[in-house]
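Per-chain residue numbering starts at 1, and chain names A, B, C, D and E are given in the order in which the chains are listed.
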Amino acid sequence: MTPLTLPDVPLAPMLPILLTLLGAIAATVLGFFLPRRAVAIIALVSLGLSAVSMGTLWNKGQTAFGGSLQADNAAIALGIVLLIGSALAILVSLDTAGRARLNFPEFDAILMFAVTGTLVIAFSGDLVTMLIGLEVMSLSGYVLATLQDSRESEESGLKYFLLGATGSAILIYGIALVYGATGSLNFTGIAAASSGLQVLNSPLLVAGALMLLCGFGFKVALAPFHQWTPDVYGGAPTVVSLFLSTVVKVGAFAGMLRVFGGALHNAPNWLGVLAVLTAATLVVGNLAALFQTNFKRLLAYSAVAQTGFLALTLLGTQQVGGPALAYYLLIYTLTTAAALAVVAALQRSEAGLEISDMRGLYYRHPGYAVALAICLASLAGLPPFAGFMAKYMAFQAAFQNGFVWVAVIAALTSIAAFIYYMRVAALMFMPDHTPAREYPGARPAITFSVALGVVSITVLGILPNLAYAWVAFPGIWTQLAGT
Amino acid sequence: MVSTNSYIILSGLLFAIGMFGVLTRRTAVMVFLSVELMLNAANLSLVAFARAWGDLTAQTAVFIVMTLAAAEVAIGLAIIVAIFRKRETTNVDDLAAMKG
Amino acid sequence: MIHFFIFLPMLASLLLLATPVRWREEVAGFAAAATLGLGLYIWLGGGAALVSVPWIQALGVTYSVALDGVSLLLGLVTALMTFVAIIYTARRIHNPGTMLSLILAMETGLLGIYAARDFVLFYVFFEDALIPALLMLAIYGKTHRMAALIKFGAYTLLGSMLMLVSIIGVKALGGSPSFALADLAAHPVTGAAQTWLYLGFLAAMAVKLPLFPLHAWLPDFHEQNHESGVADVMGTLYKVGAYGLFRFGMTLFPDASLELRPVLMSLAAFTAIYAAWIAFRQPDWKRLLAYAGLSHMGLVALGIFSLEPTAMTGAIYLLAFQNVYTGALFLAAGMLQERVGSLSTRVGGVMTQAPILAGVTMSLWFASIAVPGLAGFIGEFSVLLGAYQIYPWLAFIAGLSTIAAAIYALSAYQTTYWQARPPGGVKIFDLQHTEWLVLGVPLAVCVVFGVYSAPALNLIQPVVRALLGGAS
Amino acid sequence: MLLIATGIGVLAVVVSLLLGPKKPSRAKLMPYESGNDPEGGDARQRFPVHFYLVAMLFIVFDIETAFFYPIAVAYQKLGAFAFWETVSFVALVLVGYFYVLKKGVLEWA
Amino acid sequence: MPAWLYELIIVVLKGVGVAFALLTTFAYMTLVERRLLARMQIRIGPNRVGWNGLLQPLADAVKSIFKEDLNITMSDKLVYTLAPLIAITCALATFGGLPAGPPNSFFGANPWVYSLDIGVLVLLALTSMGVYGIFLGGWASGSKYPLLGGLRSAAQIISYELGMGLSLLGLLMLVGSTSFRAIVGWQGDHGWLILFQALGFVTFFVSSFAETNRTPFDLPEAEQELVAGYLTEYTAIKWALFQMAEYVNMITASALMSTLFFGGYKGPQFLNVLIPGISEWPFIWLILKIAVFLFIFIWARATLPRLRYDQLMRFGWKLLFPLALANTMFTAFYLAYLKGWGLWPLGVAGVLGVAALIAGSDRVRPLWNKPGVRVLDDAESPRSKTRIVGGD
């Protein structure tokens, strides 16, 4: 008989994804035999392993399945960010899942599945792969949002689901149109075809690009497709909101980078529309956040606003925008994760903290208060914290590609941002003698993750090169379009 | 042999109907059905284009999309049922524990 | 050496968090004194040459600092006043640990602003100084501080964000390899673009000058801060707009600043007179001082915008020393409040029980209203002199402000210190131990540089000459 | 064929409509509940959730089957590669199957 | 007369022919069934109408047409009428795809109504469409028993749909085509597929019993529990249509089994020695095989008791499904690595598989399904301290 030869599929480029997938499966199966903590640990371990395997792939530029899965440096850079975010989420869940009534292994399982999906997006080499990743991510996201057995959570889940599904549908239709225009689903193929396009197909291409933009708009919460964001982030358990607002968003942006920075980068018209959407997002997100009374919802709206700043980087040329996006995503993940971790640590109910309740937090929980203040400063873009550099790069990207007006709008709206961040921060430091309203008790894992986030924000703010030097090389980003 | 254009027009119509449904319908199930309609419109145009370009990759894409649709059905119905069993309605407007 | 001069306070402020409560005052005081010492040492060494190392290679951001004459002078004044402020804090505020570390942190920011020779670095320090200022207000402020906070923060951010955009623009449009001032100057932006960028930059500086339309945050900021004028001293030091314009504005946007000169100068003159006029009926010493400072700043701005060597020299001189006496006056107001429990300008009769306090305050006021023989005079006089050669009328209007200053200052002083004291109330004690130092040192400085201004002028003039030589 | 089949069905119904007697009466038209009057209003109440679960499981696994058909038909042309593809695919499906089993979804007590 | 019109007419004629053939078969099927059951239960059965009751079916038909057609108050009129139509349509439409003989053997015409490359898929699709008829019928009646009956049958049918679909995969892998003619041809060359896909056949066999709601899987109409299931509120012709659908499905299933696993329209080769070409004669072979299967259907009804619902589901999900999957995987493995050995491993595996099926069928419960119960470790959960492992 013929020996059991394995087919020669290059496994190395898929390894990071496979590892997280294994983690997910392990969580699913072992969940019946092990306590949830152990499952979470397993998940963390698999994340770590996947990170290691990514490290080995750096600068190799390997691909699998005829380029539909490619482990180029861009993918790895974003992948690392994704892993960090997920690890933080799991760490936080270790301490709060019990309170959030999420203390069962399915949580980790679905979370890991979502991570796998995001990684697939980051590594995707053609539209179908990207779509698969996107959907795995989104579907797991819907489940996560609904997982907690409470009215708010279910409601947010339903809203998330309905709008997300609509977004996916539009996106898929966009894919169809783009395919119709270019006759290829492969990113490089599309890029090649869209550069020399006969007049006949260009309307199709434009329509497809716009629909893709719209679909992604739903996924990353660009205005006017952002309505679900506050309800979902506000209604879901805080751990889940943390995950959704960091990892899932990063994944969606990875997709946008792949599609718009790579495949469609020389397709006409979408850039202007994106510029308008970005401006709208900045205005809406920041102004709406001004009027929030609940800190969690405030963070939700600020997440919308941050989406606007992130989208600025996509307005730039690949050489400038790519590294800016990667760096901003890293910082955004760390900061948001840390901030929401603090909320998760201190909240009494999953509704998060009322802003008024945060008065004098500094005198009750100095550590958390200072950490939160640093996160807010970083989100507001104050040096020496990393948020400043990130924001600066975003502005620069938009500016250099000629979108000065968007940059100016961003600058003006970030004043509003500064105001609502600073109001909270200042409140925390105002003396206050009412009894503590926070949830008592030790939370080592959260403290650890918060410390991690804050320290890295500060260090990266003072020495951005530690992270930026890795992604600064423009070749990484120009080859997204296969050039 | 029907020309590709007519397929595309048809799928465009389907998509438009679905979009309209999403925007106007108020019960979660109907919104959901409209979304499925949009998905199938996408499938139709994918197949049509695949025939026009004469390659099969898009047809595999159709398979994928079908799976996605199925998965969405499973999860979406699960969510809707969960909510429906907790309160008598799935009317999107009645879901107002949180004011957006 | 220079790096140590800049970052020593920051290190100290971090150290303070770790030090036990009992030792905090000593540590802070020592750190401030050491910083001042370092500054003097650098002065004797004739300033510090440019040090430039790349910071973020890929973005062309460099870490380049230098302390030439003007920067050195302002840096010294900052160090001095910080030292004074810290001494008074240690005496006045109960359990002052946080305040001390905030002051020190802010000092680093300010010194950095003066030393920075890289546009982004300048921005970074500019914002760094903001955070401690906000925290001081948030932690030690009065009841209505939130409004003041938001005003202050919003105004500052409005400026600095626009500045950030124009920073990006300067490099992008000029095509300079890095943000180092030298490179930027070597690759100037020309035409209308320069004007726009200058306006962006100006927004930030005008807020921090402050200049007329953008000054609204100032009075609230001072009024809401802690009664002991400590935070106000730092706030006064934080008015770095004039310096920023002097250092970056003139260098990078020469044409634009020439083009906009009439507008800006008239704005400055108006600020001076307008502030003086408002100050005239302030019932509260801090608001009064705030407007007095504002009116001085109008004069400074007048000098800076005039692009005329004498005026500019005078402006810098005025900028430096108004920090000294305005700051000292804030502290004096703080002492007054500590004694009579209010900052009202209608207390009356303090003179009889605290003659020395009254006397020192008086002489500081003389410095402030430019009585010849005190530091204020030289500055204001040369500003007006210089401005007169450009736009006589503006010079004249601005000149009125000095007269107005005399009026408001004296009337307020009279109602506070001279008039018969209402019956009852506590016994007012006079200056006590460290307070002598706190008010004495600034006064001494004012007197010395009022009669013998050469050392300061020697620091300023070459820089100004070099700058204008480069500009025109 | 479909048309013919439908035609026959319709034909039958129509014929019986024409020929059948029409003597409706309340009792006759009442939903049948072993002779009692109908209880509890509308019969289309909520189903046991179990049926939903089965339906969803069916959808999922049936899609799996649907995926199987093409590869099955083309199987002999693909060889070992197809085999391992199938193995990994089935393995993933089995994970889900195992989960469902353990959850006791397939228990009808 | 243009060619296409000629074609069309032919097709229509064939279609009508098939349809009526099916209907008559159904009619007499009922008679045969009743007689046979009577025999097996030592009764006589209907023998009054006509000689030996040969006219009984006619009488039934007339009766069901002339009976009053109720339209009960709570029902959803449209769906109520539509349901039986759907059922019968799917049932009838299915059959035409099956080849009853080699091409052009039927007076020069092809002995099938329509022939597609994806014949198997179409057939499965149509048969599974039937569930709509049943479920909608139950739902539309607006009465409780029919609703439950409809739900049950829906669940049952879709559950066994899986087994059915999977059971064919091995076969398809072997043949490498989904067209019936190809399958029949393959069997002509290599011998009947029952030999190599025994497990597949058994699975398919059981599934088709469940699909057609025949004993022992006729739970939807379990008298003891739900009166007549989804049929409860149906009378006269609509009721008759449902019955028709059930029997026609039965016939189709038999035809399917004989085509897929028993060489289809081809007769045994050795008979060619006696009468050359007899194995190629159309119709007869297929009809013979169908007859056999129909007999088995009736026999099973007479013999086997009805399953309990949980047994039914357990059997379908926990035994049929995995085994069908296993069968598929083994076939795949065989084709990938053991092809050189000839076909016999498949036969052995099939036998083993059937053995496993029988062995497992009754002792499933102890083997599978121990829903683990775990004490929740978070003190603040408002709900009970124990629950099924995992979330809910």
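One rule holds in what follows: contacts are C-beta pairs under 8 Å (C-beta built on N, C-alpha and C of every residue); 3 or more make two chains touch, one makes a residue touch a chain.
Keep in mind it's a predicted model, so treat the numbers as computed, not measured.
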item: Distance in touch steps, counted as few as possible, from subunit A out to subunit B; value: 1
item: Chain nearest the global centroid, as defined over all protein CA atoms shown; value: A
item: Higher-contact pair (C-beta pairs counted), A-C versus A-D; value: A-C
item: Centroid comparison with subunit A (C-alpha atoms), farthest chain; value: E
item: Farthest chain (mean CA position) relative to subunit B; value: C
item: Centre-to-centre distance between subunit D and subunit A (centres being mean Cα positions), rounded to whole Å; value: 40
item: Approximate Å spacing (C-alpha centroids) for the pair subunit C, subunit D; value: 81
item: Whole-Å separation of chain centres (CA-atom averages), subunit B against subunit D; value: 21
item: Subunit B and subunit E: spacing of chain centres that average the CA atoms, whole Å; value: 32
item: Residues within subunit E bordering two or more other chains; value: 337, 372, 389-390
item: Sites on subunit D at which at least two other chains make contact; value: 55, 80, 102
item: Multi-chain contact sites of subunit B, meaning residues that touch two or more partners; value: 71
item: List of subunit D residues in touch with subunit A within their complex; value: 80-81, 84, 92, 95, 98-99, 102
item: Touch list for subunit B against partner subunit D, complex; value: 63, 66-67, 70-71, 73-74, 77-78, 81, 84-85
item: Partner subunit A, residues of subunit C touching it in the complex; value: 55-59, 120, 123-124, 127-128, 130-131, 134-135, 137-139, 145-146, 149-150, 153-154, 157-158, 161-162, 164-165, 168-169, 172
item: Subunit E to subunit D touching residues, read off their complex; value: 12, 15-16, 18-19, 23, 64-74, 81, 84-85, 88-93, 96-97, 113-114, 121, 139, 141-145, 147, 151, 154-155, 158-159, 161-162, 165-166, 169, 172-173, 176-178, 227, 232-233, 236-238, 240-241, 309-310, 313-314, 317-318, 321-322, 325, 328-329, 332-333, 335-337, 368-369, 371-372, 388-390
item: Residues of subunit A touching subunit B in the complex; value: 127-128, 131-132, 135, 139, 142-143, 146, 151-152, 154-159, 161-162, 165-166, 168-170, 172-173, 175-177, 179-180, 183-185, 227, 230-231, 234-235
